[in-house]
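You will see two complexes here that share chain A, one where it goes with chain B and one where it goes with chain C.
Entry: the complex of A and B
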């Protein structure tokens, strides 16, 4: 399985996991995937798919907060040049909401039997995987019913924007997704309007 | 409640009143000191001779230059490296079933210039073998010194120096480098131990590693220095005591052992840092002085310890260097420049030392986890684990 993943873009490593979500530490500082990206991690029996729902960059150690250092510097890059240790003291993390899994080549749009494995790698899904995964919009239901640190509408719109980019006609994909959302949200016109407003690129 | 603060508050009040009155007295003494220092400017050779002939009960600095001399900092080189180590340890605990200790050394390499980069690391070392736990003199049976308490602190300093040598050895040759440790290069506490302990830890350990760093200078520029923040030393103020001593060759035991008031007490309570905060400008360093401590004279040889004071923002720091750094103008200037630069990058304290400390630190929770892990590992291997009743009592508190 690892051989198959060699060409995929490795983003980070799972450091915290539960049935509904997992958190990964980026291998490179500030290199967290864009909000709404479809990512995956591989368990011994299944591939777990999820949507990036939050990202942070903070001190490695609680109790050691970064301080402002740039008063006498000409630009922010100069701060890192003058303080090379900073890159070793900060870490970027991103959180992923699990929206489905693949087992025996079949996609399931519900939670996997087990959470992601700690220290397993997280990859950015390929174009083909994104196209395959978005053949069904069932994952939107998971996103809409989750308690997140950001507004649900932000995440739904971000995920649709990200996935739409792999299609030759992103607009057509978004129209189809909009129709699906109208069904899922029923009469909640305000929520649909909010999401639609954020789909413009 | 374990500490009744309400009973401490009046005592703190009393302490503050005393500090206030002492402060006024010390200010007068400081002014005296500065006046004496000004008077000594032209008699430096006479003073140096008087110091050499003195037998004092306090430590007096050896002179290499005028007392009030100060030097401006040189520009920072375009490319340079700073390496530093600091240590922390878990001491032998006689209440635990396993007799062992752990030394954790934080190591830091910071490279500045066109491609700045950093390597921060920690090197934990668990010591439980018989030869790690005691020092025994070569060829003499029946004598041994257990490594714990203060001696473990000294052993840790030796390990810090060893890791510094390892870091230094891995650096490219063409980059100017300073190697920093925290605290004094003089292992004072060894004075309390038998000769064979000093031989093992100082001669075969600490000084051997300092020599390794010195030898690296054959094909590169690398200076060793230690940084003492907010020093309490009075070596230079004591040169003023010698200066005002009415006796040609001061001898405290001979002339002043029974007197209540000595002439030199007009500078009592003044520390070197008080003196130099009035002499040095921002970023300036003082003259270089020589430590005349007995342990240095006896053991340090070509690594005899010199020191200077450095004004960093609102603080005076004491920088200690071996003789071969003090006598090499280029290395001396490198230490002055780069230590000041490190302090400016690190909010007043060298950033490399600060990060080495962060990598070395062993918290109370770490200590607890360590002993728990040792105990559970012993249990897993069916080894008997005896802990003292006192240890159990501290862990499980009851009413």
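Entry: the complex of A and C
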């Protein structure tokens, strides 16, 4: 099944998974997808879709933290040139909030029966997939109800900004999404206002 | 706006009651500012389709905080997101009919509503077909009177139904009553079995009338020469206006009876005792009473008579002054060789409509006197003939519609119970006579008479009491009130009553252009068509 995915941009590999989210390690250091990106991973039963909700770059060995090395260097890039081993000691990871799945060509905007499989690849969704996925705004509900390190308003806005870019008319997409949010959030006008403020590009 | 026949969805039903109407939450795609009171909508209930009219439009917010801290709508993005979600429009709709959906309305046409649509039923702007389904198509009975607001569909009145009862046309001055009446007369002439007798105070129905634009508009006789006779009280005025008249009306003193004086007591400033005196003198002199009083000299003979009849000197003077005013009317003559009543009846019997022009005698005294006097006699004749027709099983006379202006002068609570017009209005069409009353001040008309009106055509009214009086007894009165007060000041009217299945606001059909005259020519009236075509040509070449 991987043959099918050759053209898609491979981002990394799942290294930790639960029903609601998974974490992937990037193949290239610092190459995690932008916050709010729609990504997917595939296992034998379904395609899992998720929104990138967090990313980190840290030492490979937990407990060991990098130390500052640039005191005598002219610029920060030079640190890596002087210490090429550093690239082997660090790793970038990103976390993904699962918002839906696709089974037998049909999209479901709720959690899949099983979490992502460890070591399965994570891909950036294609333009078509993003358009198809955002035909319903049901995923916004999952984002709004998440308990994450980042404020949910940030995540919602980031996701909508990312998806809007694949549309010819991002503005009208955002207006439709905004209306949906206004309905979802009922009377909480302040929260709507916060998100709206972050949607402008 | 969408394509003509495509349904335009407005929103969904969210609450309401049969009495007060239903509330509809507007879709965020529909703009409140595009809505208009008086427009028609259909509601797609589960089992039935409902037909109704928008009677109010309002604004709502989901969160009251929005009204306290309004969002920054100078930001178009914010404004667009908030409309229809945080803020929304609501329509208030009065459902009046069910169209289709259940068996009876499929077979018998639109039925009055007996329930409301269920929650969240879809609401659409009514299409041309829906409106046609409700108001019917133009045919040999239905007469096209105007179009609904924002639509091209023709609203039609069922004229045979209309003339079965007395009807009224109301509105402030200059709102289009005369134009409407002219059209309605044409309609009756073409599509109902009735004949008309018009008391034409301002001489605008017979031959031609004026319009505010300054140009002349054709009236009945020019359009339907073979079906209309013009009578005049003022030969000179008619001749000056080049009206081809059929009869010059002279009324003999002996045709005036004490009842006529009673009706005139206000306009002639007659006191109660003076009216009383008229009756006494009538008993004394019979039909010659008026002539006799006018000929009385200030002699001992006269004072003896007054004493004998117990008439006070001041009462007598008051009466003399009043009668002198009447005797100055040139169309009144001591002896008239022929009877105008018989002449009018002669035409009516042939199915020819009669318009009586008043010429220069637009004074209300003359109008009340003549209209009352002729109507009473004609009604008497009709009553006799109807009774005979029933008794001997022969054909009754043609149904007659009598048109009067300034109707409150004849039908105010003080006199309605005594005058012939009050009688006709109350007895419905028992004797085949009904009224078409035209008035600027409907509140002056007796409420009982008002409640007997079959169909009311109401142009803009702004006096609260007038509005209350025309809408008294109508269901959905408050809603209609708000519709009525928002009519445009010309050529728009609210029609309610028997001739329409539900209250309807129309932009009145245009009248006065060559094109409009052509529209009145039905298949049989080839000459109007030809004349209209000629007129149109003359306009262009």
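For the reader, a short list of remarks on this structure follows.
Here, the second predicted complex is superposed on the first by the 201 of 201 C-alpha atoms of A that agree within 3 Å, B and C clash if a C-alpha of one lies under 4 Å from a C-alpha of the other, contacts with A are read in each partner's own complex, and residues count from 1 in each chain.
Going forward, a residue touches a chain if its C-beta (ideal position, glycine included) is under 8 Å from a C-beta of that chain, and two chains touch if they have at least 3 such contacts.
Everything numeric in this text was worked out from a predicted model, so none of it was measured.
Taking chain B and chain C in turn and counting the residues of chain A each one touches, the greater count comes from C. Looking at the shared chain after the overlay, A:8 reaches neither chain B nor chain C. In the superposition on chain A, contact is made by A:64 with chain B only, not with chain C.
Once the two complexes are overlaid on the shared chain, A:82 sits against chain B while remaining clear of chain C. Of the two partner chains, chain C is the only one that A:175 touches; chain B does not reach it. Of the two partner chains, neither chain B nor chain C is touched by A:144.
When the two structures are aligned on the shared chain, A:186 is found in touch with chain C, with no touch to chain B.
Those residues of chain C that touch chain A in the shared complex are 28, 62-63, 65-66, 69, 71, 77-78, 80-82, 84-86.
Touching chain A in their complex are the following residues of chain B: 108, 110-112, 116-120, 345, 347, 351, 355, 358. The part of chain A that touches chain B in the complex is made up of residues 61, 64, 67, 80-85, 87-89.
If you check the complex, the residues on chain A that touch chain C are 171, 174-175, 178-179, 181-183, 186-189, 192-193, 196, 199-200.
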